[in-house]
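Look at the two complexes coming up: subunit A is in both, with subunit B in one and subunit C in the other.
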Partner chain A sequence: MPSWFERLFKGWSDTNIRPPGARSEKHLLATCIKCGRCMMVCPYQSIKIADWGSKYYGTPYVDPDAMPCYLCMKCPEVCPTGSLSTVSKENVQMGRAHVVHDTCLSWQDDLCNLCYKRCPLQDKAIDLNDDLQPVIKNCVGCGVCTYVCPTQPKSIVITPQRNLS
Partner chain B sequence: MAENKDNMQLNRRDFLKLSATGLSLTLVGFNPVLGTFQEAYAKNAPQADQWFMSVCPYCGTGCGVNVGVSNDTVVAVKGMPDHPVNKGELCILGKNLVGILNTPDRLLLPQKKVGHQFKPIAWEEATDTVATQLKETIDKNGADSFAMYVSASEYIEEYYVYNKFVKGCLGTNNLESSARLCWASGVVGLVKAFGSDSPPCCFDDIEVADLFFVAGYNPSSSKPIFFKRLMKAKKANKTKMIVIDPRRTDTAKKADIHLQIKPGTDVILFNAITRELINKGLIDEKEAKSITQDFDKLKEHVQSFTPKFAEEKTGISERQLSEVVQLIGQSKGALFMWGQGLNQSRIGTRKVTSLLNIPFITGNIGKAGAGPLAVTGQSTAMSLREVGALPNLLPGFRKVNDSQARQDIAKIWDVDPQKMSPKPGRTIPDILNAIEAGEIKALWIIHSNPAATFPDTSWVRKTLNKLDFLVVQDCYHPTETSQFAHILLPAAQWAEKDGSMTNSERGMNLIEQAVQPPGKAKTDIDIVMAVARKMGFEKQFSFQKTEDIFEEFKRCTTGRPNDINGLTYARMGKEKGLQWPVPTAEHKGTKRRFMDQKFPGKLNLAMNQHADPLEMPDKEFPLWLLTGLVNEQYHSRTRTSKIPSLNRAVSEPFVEIHSENAKALDVMAGDLLKVTSRRGQLTARAVITDNILKDAVFIPYHFSFLAGKDKSVNDLTIRSFDESAKQPEYKAAAVKIEKA
Partner chain C sequence: MKLSYQHYRRPFQFAILGLLIAIPLLNLLKVDAVQGMLCSIGAAGYEITCALGALQSMLASREINYSLLLSASVFILLAIFLGRVFCGWICPQGLLSEGGDKLRTRFFKSSRKPDSLKRYYSGRQFLLAFLGAGLLATFLMGIPVICYICPIGIICRELLQGTMLYKIGGEIIIIMIILAADVFVARRGWCRYICPVGAFYSLFTMFGMKVKRDQSSCVSCGTCQRICSMGNSPVKDEIVKTCINCGDCIDNCPEGALSFEKPSLFKSIPVIKG
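Right after this comes the complex of A and B.
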């Protein structure tokens, strides 16, 4: 979750993820012409534009805690430079979720599973094990799970693609 | 120049220092807060000064909860570790119970409609108005011109007071409950099959059974804790699971066999299974004949339901059918569970009785780990049946048209048996029809929301407007229904009142009052008794405390199936979830019924034919509309809409469509779709999935017109009702979809 300081003054948080179809951070920064079309076409208003004060000024991002990406895949279609390339939603690489077992209700004694129920790639990205606990499989990092997670702080968080080794 | 430069350097250094201090301060100021938060959460032990025992007010599983109170406010809710049902576990709805209590839209004062606006009035004036209006209506048009419609989440004592007031004192049987929308077909089916309403199984059977047969039921969404228990048992005992559902639900995904049936064709499938079981010699005919009636007739009846015929009608292949039949035939103890997929249908009772044929002929009854296990959708649907808060019942499963029963009850109630009506009262579809015809003039709605939950809501709203006098007693305002009221009465809700309740496995639980109701709100018992006393029934309603009502109800159960004379509030406080009958103080409760194979009569087998829903998909409206629920919301959302963390996940309706339909319409996930039926329309975002049949769409039913324009799925559903139970057919309406 970005801190209020990051939101207010930095215009950028390290937890931000790039819109679906971005190949790599380097490629996006090299090719994005900051036209904002992806932001305008997004039906959920998930895509935002990095604010002044950050070196990423003008580039698009998704803050999964504010509004995640629902993988409708409309933004790559309008991208004029190929910064966002058209891929199927299973092949998107925005990041990867991981479950914090210490606070996750299903991994503790209760039962929640909202992350699994609302995942746009249910069964492929998140699955339930035999004890009905969420496990991450081929996650694309859209962030819906983080958004719907009812615990505070979130028990499922996205690591952006650029930070994945 | 040099001086100047020095100054500049100093300034810059100062600036850097300042920024560094600022940054570190923000970090220091922020992180410890986050840290303590994390710790508190990880410990998962909310602190409170005092803890009270209660039961979660949502579904019929009946999980025990402890309610934590500090400074007269509920601050925490946690699962009760020593409760036999949930053993401390809670689902996401139960976890968020604190949020339903002190919301900004709590109704705090009695209000009266003047013109188009509600004006606060005093309690005295409110109860006076209700009493005089009811008296006037009844004197002028007869007692049957009044009806009361209550929710299925109230306590035994409350149902008892309503029953005594309406049936004993006012002399009409028009006391209806919202269980009609939820489990009416299931209960009528059980009564038809067993000869009496008596769920035989208990949750402990889950660990004993070796097969779960689940039809039209998605406990993964509707009863998560119950589902978790099923899954635990499945893992530990390798229990097989068969799921029958037109959608590949989360329950179906965990099944060994999923039969993706065409909507509404369950009777054909069950008859075909019955035929194969008999013809393949997988049952003990001699034993079946000894406990059931008309076995030979059933054998003859099902012969026309060949696997080939079944495949044609239900879409389930002969191979799958024979696998299912083998599993049932081999099983030593099978639990049969069903839900609204069977109940909410025009032939719901037929579907349920056809399903019950299978356990009866296979001998899956009267032994541990076998039989029908019905978990109701609302918390106290079992209690209201025991107390008889339905139009045809009196306390202790007595019938209103039985004159001996009326005399027995009149004696306990201290009323004139001649005044009690022998005619069964009206069901909610009948009540609304009677309002339209002008036969019912006054209606009293308690904690229920028919303007959102009844099918074809635009008609319901018109009908409610025709009432001369509508009292709405609720804890929230506005709700969809409260806007039509003439008088609004503020009521206490869960945790603000005490009482007792029964869960779906007949387990009795005590509920303690944790806090006082907010504002001028009063408990339902106090409100109804105040009106009753003003109408001249002081003698009948001289109860001092809730326990007195329970003690009087106990007298009604003597010698009845639900005999609870061995229970007191004190005993229920100590021994949680004791299952009736508990006739004496030494009795340890009855986990399973009919273990001696002695049934009220011989078990009735049903010879049912299939019938199509009232409205079938056609050229103009080519798709089936299936409605159902999601984990994060409960019924018409009067409670769950107040909890932000739940509304984040699903805060508006969605339309689940098959990916091929989406392709044909050129629809992508998240596009707005317009769904139209002959009665209304709905606009919602598309969710594209392969888990649903191609000729069906799924829309959750939680949302009504308070959620926004064209958001109510019940504007689309049809006013078609089960032939004997009068339960609405929510799961069959013809619709078309187009891009909005």
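Right after this comes the complex of A and C.
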């Protein structure tokens, strides 16, 4: 199949996270009327709209590898249906990061800590232990750490909220 | 020269389409006084939301959202006072379908024959059946089903993604199918027999602005019946809820026997003369 044809029907990857303020996956799918207001207001163009071909079609998502969410919290204010509810940064539930110790530079006795330095909720979401290695605490899953991680494949990855038990 | 309704309506439709292209471009340039597309527009703190989308959203989540009710009432009030002007004057799919209608008359010379009344009544039943089935499915499945196929939302999203993300989604296929069906299957078939948005607004048109026939000057030539793209026949006083108040019949009436009637809501209000 030609690549443009594949792109026409792909539109969704399971690592996509929802924009901040989504109460639950079920509630967002029920209330979202696919108007695109959150995408228009996003200053970083982090929010994209899921493409044709799945039940997620038309709903907003954030792909942390392409552009993470910086928790500016503008999108919940414009959402007309309350799919994204206004919450404070600390109470956002987009997902949860976890560190892959086998490839993380800090855990392999190197110095990196980029994820700690760039985290919007520094010391609350990611903290450093006594050996200066990143540890996840109250992570909201914005994905900035994944975005800045220098290793390939990424040593810190986000699990979307709907996949957390 | 007397200005006809078409002289206002066509520029208005194109202005709405231009607005839908300009808003995302202006938002990219950080001019965000007006945000959003037809599904939901926000300007200076005031919000207008698609009434059918709002209803589906509340049905699917089974919660009542009062701010959503308020913002959704604008289009319903428009339908109550002015009839289905959303379909005739605002809807971008309506503009596309009228283009398809023009193509259709070019391809098939016979297409200007009026549909029979029987076909109209079944069409109206189709409309309501699709709306009812969509709302029922929305309630049962917990997903706004009509939003998945709504061509207005699709056009808005394509314009949005095209200007902001430089990509075109695959759902544009639905627009192409609708246009092809409009040209080759039924005259303005989507608007007449399927569109749930139009069906929803047609539920509120009983008091609104209507086309009225002056019996003394009408010569029963049937031009209005041939010209009406929604299958009404003003010549037989059969102007029903599919009328979108486009004014085509008024403009084309050779005797000037047709005109818009004041909303019947206002007629009962006595006029105070000073």
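What we mean here is this: the second predicted complex is superposed on the first by the 156 of 165 C-alpha atoms of A that agree within 3 Å, B and C clash if a C-alpha of one lies under 4 Å from a C-alpha of the other, contacts with A are read in each partner's own complex, and residues count from 1 in each chain.
The criterion applied here is as follows: a contact is a pair of C-beta atoms (placed from the backbone, for glycine too) under 8 Å apart; a residue touches a chain by one contact, two chains touch by 3 or more.
All values derive from a computational prediction rather than experimental measurement.
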item: Which of subunit B and subunit C A:105 touches, first, second, both or neither; value: first
item: Contacts of A:26 with subunit B and subunit C, given as first, second, both or neither; value: second
item: Subunit B versus subunit C as contact partner of A:58, first or second or both or neither; value: second
item: Which superposed partner A:39 touches (first subunit B, second subunit C, both, neither); value: second
item: Residues of subunit B touching subunit A in the complex; value: 26, 30, 34, 37-38, 41-42, 44, 79, 88-92, 95-96, 221, 224-225, 227-228, 231-232, 234-235, 250, 253-254, 630-632, 645-646, 648-650, 668-671
item: Subunit B partner contacts - residues on subunit A that touch it in the complex; value: 3-5, 43-44, 70-74, 102-103, 105, 108-114, 116-118, 120, 123, 128, 130-132, 147-148, 150-153
item: Subunit A-facing residues of subunit C, complex; value: 23-24, 27, 32, 35-37, 39-40, 42, 47, 49-50, 53-54, 56-57, 60-61, 65, 67-68, 71, 142-144, 147-148, 153, 156-157, 160-161, 164-165, 169-171, 173
item: Sites on subunit A touched by subunit C in the complex; value: 8-9, 11, 26-27, 29-37, 39-41, 45, 48-49, 51-53, 55, 57-58, 78, 80-83
